[in-house]
Amino acid sequence: MIILGPNRYGKAETRVVRVTRHGDAHSIKDLNVSTALSGDMSAVHLSGDNSAVLTTDAQKNTVYAFAGKHGIGAIEDFALLLARHFVDSQPTIHHARVAVEEYAWERNAASGHSFVRSGRETRTCVAHYDGSRAWVVSGLADLVLLNTTNSEFWGYIKDEYTTLPETRDRILATAVNASWRHAEPDERDWDKSYDRARQAMLAAFADTYSLSLQQTLYAMGARVLAGCPEICEARLSLPNRHHLLVDLSPFGLGNENEVFFAADRPYGLIEGAVLRDDAPAAGPAWE
Amino acid sequence: MIILGPNRYGKAETRVVRVTRHGDAHSIKDLNVSTALSGDMSAVHLSGDNSAVLTTDAQKNTVYAFAGKHGIGAIEDFALLLARHFVDSQPTIHHARVAVEEYAWERNAASGHSFVRSGRETRTCVAHYDGSRAWVVSGLADLVLLNTTNSEFWGYIKDEYTTLPETRDRILATAVNASWRHAEPDERDWDKSYDRARQAMLAAFADTYSLSLQQTLYAMGARVLAGCPEICEARLSLPNRHHLLVDLSPFGLGNENEVFFAADRPYGLIEGAVLRDDAPAAGPAWE
Amino acid sequence: MIILGPNRYGKAETRVVRVTRHGDAHSIKDLNVSTALSGDMSAVHLSGDNSAVLTTDAQKNTVYAFAGKHGIGAIEDFALLLARHFVDSQPTIHHARVAVEEYAWERNAASGHSFVRSGRETRTCVAHYDGSRAWVVSGLADLVLLNTTNSEFWGYIKDEYTTLPETRDRILATAVNASWRHAEPDERDWDKSYDRARQAMLAAFADTYSLSLQQTLYAMGARVLAGCPEICEARLSLPNRHHLLVDLSPFGLGNENEVFFAADRPYGLIEGAVLRDDAPAAGPAWE
Amino acid sequence: MIILGPNRYGKAETRVVRVTRHGDAHSIKDLNVSTALSGDMSAVHLSGDNSAVLTTDAQKNTVYAFAGKHGIGAIEDFALLLARHFVDSQPTIHHARVAVEEYAWERNAASGHSFVRSGRETRTCVAHYDGSRAWVVSGLADLVLLNTTNSEFWGYIKDEYTTLPETRDRILATAVNASWRHAEPDERDWDKSYDRARQAMLAAFADTYSLSLQQTLYAMGARVLAGCPEICEARLSLPNRHHLLVDLSPFGLGNENEVFFAADRPYGLIEGAVLRDDAPAAGPAWE
């Protein structure tokens, strides 16, 4: 017999910009919000009966209405507020997942109302709520880092397809995509927590003498946990952005780790989790 | 205590084009291959000891060498071949995941050696192998479909944030991203299986009178299972590419479902699984 | 003294989908329209006086209203209709440029109302109108072509930075971006003209034995002009999508032009115009 | 008769990263270089005779060799060095165009060798050289700016397709793409010139009370010229990134310019040049 399995639906990528005015000093929050709901959804799949469906259009409207009514503080708070609303207000909705991306802006010069978008990383979060419990994962995407030295790579398996020469000095570059799970999603200063986690990763990347990108990944994850007692698990996905030493010898030139080709594809991809041995069960946090 | 959790590493997006020559009639396979390995990786994470690491560079070389030595038939066979090789040849590698994307090309005119890339969907697969068992998921990405009629949407919840008017006739458009799990990854004609699954989805999209995109999703998944006994589960992710009816009344014009604004963001996103009630456990198939 | 130079403004990327219903057999046109206007625009630049400005919002509305009122046939006709309207209806607007991209759809199976987006090339046009004259350029973008043989490359300059080995057999691949100028923008069957030009390029790419991509570019342009008397100039931009032969000798394997790495960057880029010696002056056609 | 028109060829998007080591303090330059050459190219187009062709592969090699031999200072100097080399060293090459994009990096913490990519704008330049004269255009791309107030839009034409309500207070946002032409491409501190031009645009965007984006564009261009005597012309392309006020009244909420939908498409596009009345002829500078 054919049956319906896990499912969810929602409105993806609702772009909301919220301005707050304190006299002449304005501030802005620039978000991309994706909501996804689950619940009594057999009928809509099997027969098109929409009576249990809160439309994705209403989900979008709720994002805008809540941005107006409640303002937007930390994205984790905004995500939790939305997730709780959907589940608590609709009997047919049993689970909500709200994912938020935040784009950072900086003030432009001395102006109180002019801003420059900071293109560095995107801050992210995903909140889940099932009517009784909540889960929060915070993170960042596309934080591009590079070390010009203190990276080696040698001592690996040499099978019949291995041609890579060992190196005692290479460029190490990556675009960090990282998420970290909060042990308890209770009230906190999410912004401070984010800054601590971000700084921990930056510091670990800079001061780890690296023998492999895996080692650096673990060091970054462990540093987040060491510096942030509220976080119980970190997951990192680190593309190895290969910087290939260019052979300049045909032109009578040496190349003492000075000239590199920044390759696009293929790229190494290192993925891993670092967690406390007593971390609570993750539940749906990573879904 | 801080510990290492699940991890994998590999070479992502190795682009390989394989030409086969049968006299003047050539054929090509154009793939994007991503490999990911897991195993005895504590040492490399904790201390940078690479002795258990088969380099991602060697993984890439293997893709090219196997393309030369074995040729490339169905992508599922190629993915399984690679996955088995990595695990069976390296004691420290206990699990391999190989994902392949295939870009289709058509012959250009009467020529035996000239091709035009078909931009329609990308064919995909993911194979897992753990030394004793294998899992195969096939799929496609970005198959863009649109119905100009036979789609309604009404009867949904009206909460305080619902403003969407009900409609008895709308455009339904989506970009199908679908994957389907094979009950047994044994020898088969993967190309025929792919064609059957693809045709089932196209047909179900076209002939389902739709009361919601969820209903269409389920119909597509169920049609795949009905037509393909070898498949035990299908998962679909269907963005609702909203085509908004433009209000032309300010210009003294009606709009009988003729003129639409094709919106980018936000978009609905409907995700769901359809499976047999006796489907074997999925294991790592979807990871 | 600081002065205002050439300028234009408009609404870019208005996405319009137009459905036409002939009983059960529907047809669709899926366009991306960009309008740009010029004229008496000193005041708006120098002082913000908008009295000569037809808003970009009104330009967008016009696109939708005209799609409803006039329908959409060939994109060249639709572009000319819009361009003439803006200039002829507004005394302050002296020049209009309308660019259109068209995305092709094919029927899905036997259905009269279900469509599959054909991902191959995008059809394009740019029309200009200045109140008395019109100019039309038609074209296409991202038609990806590949020959598995009949391409050589040798006999080039060998300077001190040349290391490329000569080859008597290589893959030749490109993504054609081409535009062609019509000598007179009068009434015609634009669709037939497009098909002729497209087929001429496909045929020339397939049957030209190529000693360089420049030679192929010229052959494609010349074939368009030879087959289309209404066209006086063709401009092509051909990225050389390098397919690099992989050295499999470290693995004890030969590689008789069978296994290639499809590189992303850098890529060659060959750009050129082919025209009739008596082509009329281009005026603003290419701007 | 069919003839060859203007043409050029080269290697696009050569990605080069140059590291310089001053003891423990390293610095990096991260560039994307595109070269394009013209000259005696009839034979290669008409018959495939490559004897006048300096390969695009050699052009790429030259980029890497020069990065090694000469280092990389200001991108304008590097572009001129390359352009002069190609024309001066090859009798068949009469004109070179070199375009460079530079991605900025900042130091990571106290480390001398760890860097974070600054995602803000990309710095650009295009240099031309024809054997006797040179032309240099500098610029930037994707500098995203937003004012939360001090922007009005009213007083425009009201034609039959105008429905846009006038506003006395709106968000003004854009992604600046700007280029500016140097009157003389002689030796100078290109970095200081860049900083001055960039700061001029930022300041003009922030302190111009805007009645239209055209007015802001002109103010930005004029400010660049006023502050940089070495620059004779600025060209700006400013997409109007519409931030649409969300109607919250259905939810019993006001919206005093606080909640906005950041739209993707369509978008306004304002393009214009600002120049000195005695600016020298541009020649090929903008091509």
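For clarity, chains are labelled A, B, C and D in written order, and residue numbers in each chain start from 1.
Note that in this section a contact is a pair of C-beta atoms (placed from the backbone, for glycine too) under 8 Å apart; a residue touches a chain by one contact, two chains touch by 3 or more.
Being a predicted model, the structure only gives us computed values, none of them experimental.
Colleague: Look at the interfaces A-C and A-B and say which one is made up of more C-beta pairs in contact.
Modeller: Of the two interfaces, A-C and A-B, more C-beta pairs touch across A-B.
Colleague: Counting residue numbers used by both copies over all numbers at the interface, does the chain B-chain C contact come out same (over half shared) or different (under half)?
Modeller: Same residues, largely: of all residue numbers at this interface, over half are found in both copies.
Colleague: Give, as an integer number of Å, the spacing between the C-alpha centres of chain C and chain B.
Modeller: Here chain B and chain C have centroids separated by 30 Å.
Colleague: Which whole number of Å gives the spacing of the CA centres of chain A and chain C?
Modeller: Taking the average C-alpha coordinate of chain A and of chain C, the gap between them is 38 Å.
Colleague: Based only on mean CA positions, could you tell me how far chain A sits from chain B in angstrom?
Modeller: The separation of the two C-alpha centroids amounts to 23 Å.
Colleague: Send over the residues of chain D in touch with two or more other chains.
Modeller: 15, 61, 65, 161, 163, 250-251, 264-265 - these are the residues of chain D that touch more than one other chain.
Colleague: Graph of touching chains, which shape: line, ring, star, complete, other?
Modeller: Contact pattern: complete, every chain touching every other.
Colleague: Which positions of chain C touch chain B when the two form their complex?
Modeller: Against chain B, chain C makes touches at 15-21, 26, 28, 30, 61, 64-65, 67-69, 105, 108-109, 111, 113-121, 142-150, 171, 202-203, 205-207, 243, 246, 248, 250-251, 253-255, 257-264.
Colleague: What does chain D use to touch chain B in their complex?
Modeller: 160-161, 163, 250-251, 264-265
Colleague: Spell out the residues on chain D that touch chain C in their complex, using ranges where they run on.
Modeller: Within the complex, chain D contacts chain C at residues 1-15, 34, 36, 41, 44-58, 60-62, 65, 89-90, 92, 153-157, 159, 161-164, 210-215, 217-218, 222, 225-226, 233, 235, 239-240, 265-278.
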